[in-house]
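What follows is one structure encoded as structure tokens, with my remarks underneath.
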């Protein structure tokens, strides 16, 4: 039985980790870390766990934790994991960091976009970007996983096959993303109040959102060229779900069947990426609560562009689910253990 | 492996049955019945099942079905199950009827409130009212289960201990209920359009809702007296969830601890009924996607009334979940098999 | 032109006052008071007023304000208005207090339910409870108006005719209320975050909500007897709207026509109270954005109870709209000036 | 007093026309046309109009109507207006057609995208495209107005200044649009049920939506070149509101101030188009219920693209509001008469 510690267990991603691990046959949570709620019963923070979790919240002590568990999930604000991790800890436990600290290989890029100093750049190279469908073999051998951001997971998986196969002009990529509000976290801010979000939609972080360089880096690896793109997230009045609609110019005339074959080449054997049937547009509701990413595309012969779409649950495949998938790979478990969740509809 | 047939598989309750049974270790769906979608792939009706269910929808033929499965769920409009069932079928398969056909023992009451003739009154007496926490032993021996209505499940479980122990004046019971919109079904009606339900709340079926006599009958059994009560349902802009707020006059002065002890007497060992901590009000979100009913109460010494509250997911404990729980009991399986669902929050 | 000052202009009720007064022909806002946003452009707090309001927010100085305006609206937390008002101010301006400070005539009751000391009890008797349809003549002569609470407005108007005419047993009154989330204000609290409220419903303040004694007092005046009742509010996932469902035992057999005649006696000539047609249940969406209260009732001959229903917009008739209606009465203007708002649907 | 007839008064756009015209000082509705509800009280279809509108619904007879009113609004499905209009009618009344029948000058394009034969192509050339801010002078002289589509209104106004001034490469324009559900109309379809739309987002009509050629035509006029672009609408779980996010490559380096000056050149004197302050992103909630379009932009120096954003209420500026604005222009009234609606927040 793998012993699990969670630092940041009372955020939305932390709560989702707990939900998923409750039904994981090979893992057991030993430490519910939460600075804000120390000594409080975990179920009092999330009453859905009443009579399911009886533990109390603990301090966020990574040193102490490293002696008691086999894997640590850090579902914490940017900078915290980098400030806590060290060689000693990494010798004792595996770490899956749900923050952005180890996602970007170029420390200058990280520091510029995130506006903070990186406290342990020595581990950046070692860290494996935990996009399981792309980096599976490296993940299996990793000590430290940079769990991908929500938008980058959905964006990269939706575009990856065409970038990899060179079908699209990478200089023309535009990603228009829409997210449910849980992505904004559980902090008490006026902007995230019910009455401000409900019956409303807006763009935010236009031309400046931090997930931009992360997506660019991953698509650069895929395409073999330096990628600069536009990424515009929007806040949508729903709890869960990310939908991305991406645009790119096709390098040559292609048929539906040719593009479909390219997607199938990469995803036909992937349990968690579903390439939908022709003309079926992904909907976030069809993946809610599950680890699936639904992708599809539409060729527009008029403009010679292709529209790529992807939908997923931001808290599952976009955070906690992918983190568990990474843990499964790192520990040699069945990749889908704890993740056989059927999407909930309606 | 128990072979399952579903008649009415493409309604919301039918879809939820499929979701739950996908993760049931001892049951396998053999027949997805749906008159409206015959020969269509089931996943084309509910794309959340893409790459999970590959079967096509079949006709609603109970005679044929009885030879191929061990249990039939009928998630169909009132009257259909009663019009199809017969002794021959009941000798071959067990039936869990999610409609109201066999819930009310007095056929005249059924016919009056539902406005239709009952086509097989000879099975009413035999049918067991499948409220698992109350009728567990009878359910284990039953051939035909009347799966309780959504409102009656939540209402009865919230009030039952006090009715049974004689703490409340049964002539004073008022139930004010609030339901998400999935309870209205998937029929294309203007009243259920997004724009009509969203940002809106209304009462409906005031003093005339069909679940009234069902609740009255169950509380009559519990209290040993004839019960007439007020039941007012409301439509709430959310997909899932029922909250009931019930009022009754206390027969004598009681303390919090005394009432708590009464609830615990009936529910302390019940996995799916959670009596919340003092002063914690049930919220539908805390049970979403799960088979739990959360109950609690508040004594008002000023008015000598007690306010009883219950929250549950109308599609799970209020329909498909309780149906599976009944199946588990009927077949001697672990009662919670397939139902170990952690509520999803947010 | 009546000069208006608003203290607390940046809360939701304050914002609604501004919206209504923009279309008021006889009033002009001279002071946008807001402690939190002093010197900030008002439209930067509420961008809906961009290019409509160009003023900056001012301090909450009632003394200074009294010299510059004809009427002050206080849309502030409980206790503030009582701590600021004095005889000198009341000699200069009229005040419409949207808080609870002057609603309850018995200061001990106020202090017990609100848990704060009343700082100017000497004005309580003078203050007029601004429920326009009931106290119109007194309002016309008042210096200080206690603008009714949102729940009390809807509850009292729905029940008043039957209480006044003695048709119901006042000891049996139970009010089950449902409110949109704007009633909780714009404070940054976790409980009011989008993800906590959306897809959720809960009761709160059970048997302890502060609007209880206010409703009881008003219904006591109407019925001529001391009233104790149960009032249970619920939080509903919508921005605006209050629906109340009230229950009471009828003192004698009455017909629909008799009760309808009683409602018409009080409301047939009231512009803002609409008694709906038979069997039409009020819906909050039908009054959204307007000053209407829609009421109706249903007799249940089985239980000899009557179910009374009322729907209104909590920010309009439940707060800012009624405040403007009071101002109109106090200044001898057309009562509906600035309030001829057609409800917005959908 | 201008006498108004509405054909299609019981759709959502029709209902909004009625709402707006109730507060119009110079117009009076004489005919509520609705094939589906003939002889039914209008308020029974939309109870928000209870005690406000007492008329009954009439047949959709344009010939008869032309003798009784001064202007006819057709808020009907595509093809109906074209099949009813003739020279005789146009000699008697002015027509504002809210359908697409007269928006597209090339009849072949219309017939291809809409899949229906145009029944009166002889009036296409005469018809004026009623985008008031662009075609004001022509509108004043028109008999027949093609009221713009919701998406085209928001898209064109957001992009127009840059297209007109030649700042952007028109071959690179991509419009990603998001709409509330009222845009889908009041037809009873499963896809528009509350449970299907709520907690969900999807693209639809990808590379095939009928508003594409309409936007292209308008931007072609603005830029003086043939425009082909990508337009992707999305369905968002809210009642009202359209947000468009548009992308284009800048032809040369420009500063914020230069672009702002271009927007101001066209909109500084336009009441209903608000160019927001720097870095403020439009939100649909800030224009809800009003005739405003809020626009803004962001330059991305990394990709040399500009992101243009626009938000409006699809039922007001996107349909009924603009129709009234057109009527005001045609009859020489104050352009904003009946449209001085302050956006409602929250």
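Lettered A, B, C and D in written order, each chain numbered from 1.
Quick note on the criterion: contacts are C-beta pairs under 8 Å (C-beta built on N, C-alpha and C of every residue); 3 or more make two chains touch, one makes a residue touch a chain.
Everything numeric here is computed off the predicted structure, so don't read it as measured data.
Listed here as common contacts of chain A and chain C: B, D. Here B-C and B-D are compared, and the pair linked by more C-beta contacts is B-C.
Distance from the chain A centre to the chain B centre is 36 Å, each centre being the mean of its Cα atoms. Distance from the chain B centre to the chain C centre is 38 Å, each centre being the mean of its Cα atoms. We define each chain's centre as the mean of its Cα atoms; on that basis chain B and chain D are separated by 46 Å. Residue positions of chain C touching 2 or more other chains, listed in rising order: 12, 182, 195-196, 198-199, 237-240, 283, 285, 288, 346.
Those residues of chain D that touch chain B in the shared complex are 12, 181-182, 186, 188-190, 192-199, 237-239.
Interface residues of chain A facing chain B in the complex, by the touch rule stated above, are 12, 15, 19, 22-23, 46-52, 182, 199, 239-240, 274, 276-277, 280, 283, 285-290, 294, 340, 342-346.
Residues of chain A that touch chain D in their complex: 174, 176, 178, 180, 195-196, 198-204, 206-207, 228-230, 232, 234, 236-241, 243, 245, 247, 281-285, 288, 298-300, 302-303, 305, 307, 309, 311, 346.
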